[in-house]
Amino acid sequence: MPVVIVEMWEGRTVEQKKQLVEGITDTFTRIGVPKEALHIIIQDIPKHNWGHAGRLASETD
Amino acid sequence: MPVVIVEMWEGRTVEQKKQLVEGITDTFTRIGVPKEALHIIIQDIPKHNWGHAGRLASETD
Amino acid sequence: MPVVIVEMWEGRTVEQKKQLVEGITDTFTRIGVPKEALHIIIQDIPKHNWGHAGRLASETD
Amino acid sequence: MPVVIVEMWEGRTVEQKKQLVEGITDTFTRIGVPKEALHIIIQDIPKHNWGHAGRLASETD
Amino acid sequence: MPVVIVEMWEGRTVEQKKQLVEGITDTFTRIGVPKEALHIIIQDIPKHNWGHAGRLASETD
Amino acid sequence: MPVVIVEMWEGRTVEQKKQLVEGITDTFTRIGVPKEALHIIIQDIPKHNWGHAGRLASETD
């Protein structure tokens, strides 16, 4: 524990995901969570599966 | 805010997802949520990843 | 199936949740999902548990 | 890893949650997942926050 | 209801998913949930989308 | 977008949640996500609702 689930548009590189995992982990260690205790799950969502303001992100982007 | 996550079997068209996003957004606006505040995330789940009544949906369908 | 999870600030009335469930269900029936097949789960999130733009919603509201 | 999230109506006892955690963990160990690797998160949902077939579970129950 | 969401590394076979669904369902029936009431959703997560202990699982595996 | 969901044991202070939101937001801005685009939802989970290694966290803690 804890578990962090990230939902974001697909298209990020593995390098960017590495940076996310490092930065989020650092943040949790600063409030006392040991880094071994943290799981982070990234879900890549296609823009045609993401709605905002009543429209698909694939239509507005 | 709010965030709506939809888990459903894969196979819906982009047109159907557009209808879902429009209809769900309309519903929230009727209780006073501005449409810009609403995010909707659709996760397409293969039938062999969906269990119901003790069986995979890919077996029973 | 499908399953819809709604994350929103706590404070909505049962009447408003009823309207959400009715409206979201109508939307799914219009793309061919029978209403018996739809589950909707609402999670009431306190504003001090919701971050936006780098701040808790309880600070900015 | 893995992470299992259970959404269910509130009202289950701690004893029943213990049984769920034991049974789900056994199931994962039988496909080769070490029990130390498994996290299970239970979310108790009030019936007035659960919609099914277009109605709140608190109305139909 | 209930709904169970499983997040795990991709790579499991359909046979293993079948075993998971059967075992998890059995567990719920033992606390009185009818098997028809249970939905289980499996999300296959690539290792480069799973962070643990500050690193992507694809780096450490 | 993106949406980050944090599942963690209940008991963290509002001050610690503020730190989490700031740190996670900083991390996303470093890969180019504007802070206004980021929503973070924190779910406080009681230890008797969290299973690890086949036991409830409330038993082992």
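Order as written gives the chain letters A, B, C, D, E and F; numbering starts at 1 within each chain.
Basically, a residue touches a chain if its C-beta (ideal position, glycine included) is under 8 Å from a C-beta of that chain, and two chains touch if they have at least 3 such contacts.
This structure is a prediction, so every number in the text was calculated from the model and none was measured.
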Next on the checklist: Using the contact definition given at the top, which chains are in touch with both chain B and chain D?
Outcome noted: A, C, E, F
Item to check | Interface composition of copies chain A and chain E: same or different, split at half | outcome: different
Checklist outcome for this item: Rounded to the nearest Å, the gap between Cα centres of chain C and chain E is 24
Next on the checklist: Can you compute the centre-to-centre distance for chain A and chain F, using the mean CA position of each chain? Integer Å is fine.
Outcome noted: 12
Next on the checklist: I'd like to verify one number: the distance from the centre of chain A to the centre of chain C, where each centre is the average of its C-alpha atoms, in whole angstrom.
Outcome noted: 21
Checklist entry - By residue number and range, which residues of chain A touch two or more other chains? => result 1, 3-5, 7, 20, 22, 24, 26, 39, 41, 43, 50, 52
Next on the checklist: Going by the touch rule set out above, what shape does the chain contact graph take here: line, ring, star, complete or other?
Outcome noted: other
Next on the checklist: Following the definition at the start, I'd like every touching pair of chains, please.
Outcome noted: A-B, A-D, A-E, A-F, B-C, B-E, B-F, C-D, C-E, C-F, D-E, D-F
Next on the checklist: Can you tell me which positions in chain A touch chain D when the two form their complex?
Outcome noted: 1, 3, 39, 41
Checklist entry - Touching chain A in the complex: which residues of chain E? => result 7, 43, 45, 48-56, 58-59
Checklist outcome for this item: Within the complex, chain E is touched by chain D residues 1-9, 12, 16, 19-20, 22-24, 26-28, 30-31, 33, 50, 52, 57
Checklist entry - Which bits of chain A are touching chain E when the two form their complex? => result 4-5, 14, 17-18, 20-22, 24-26, 35-36, 38-44
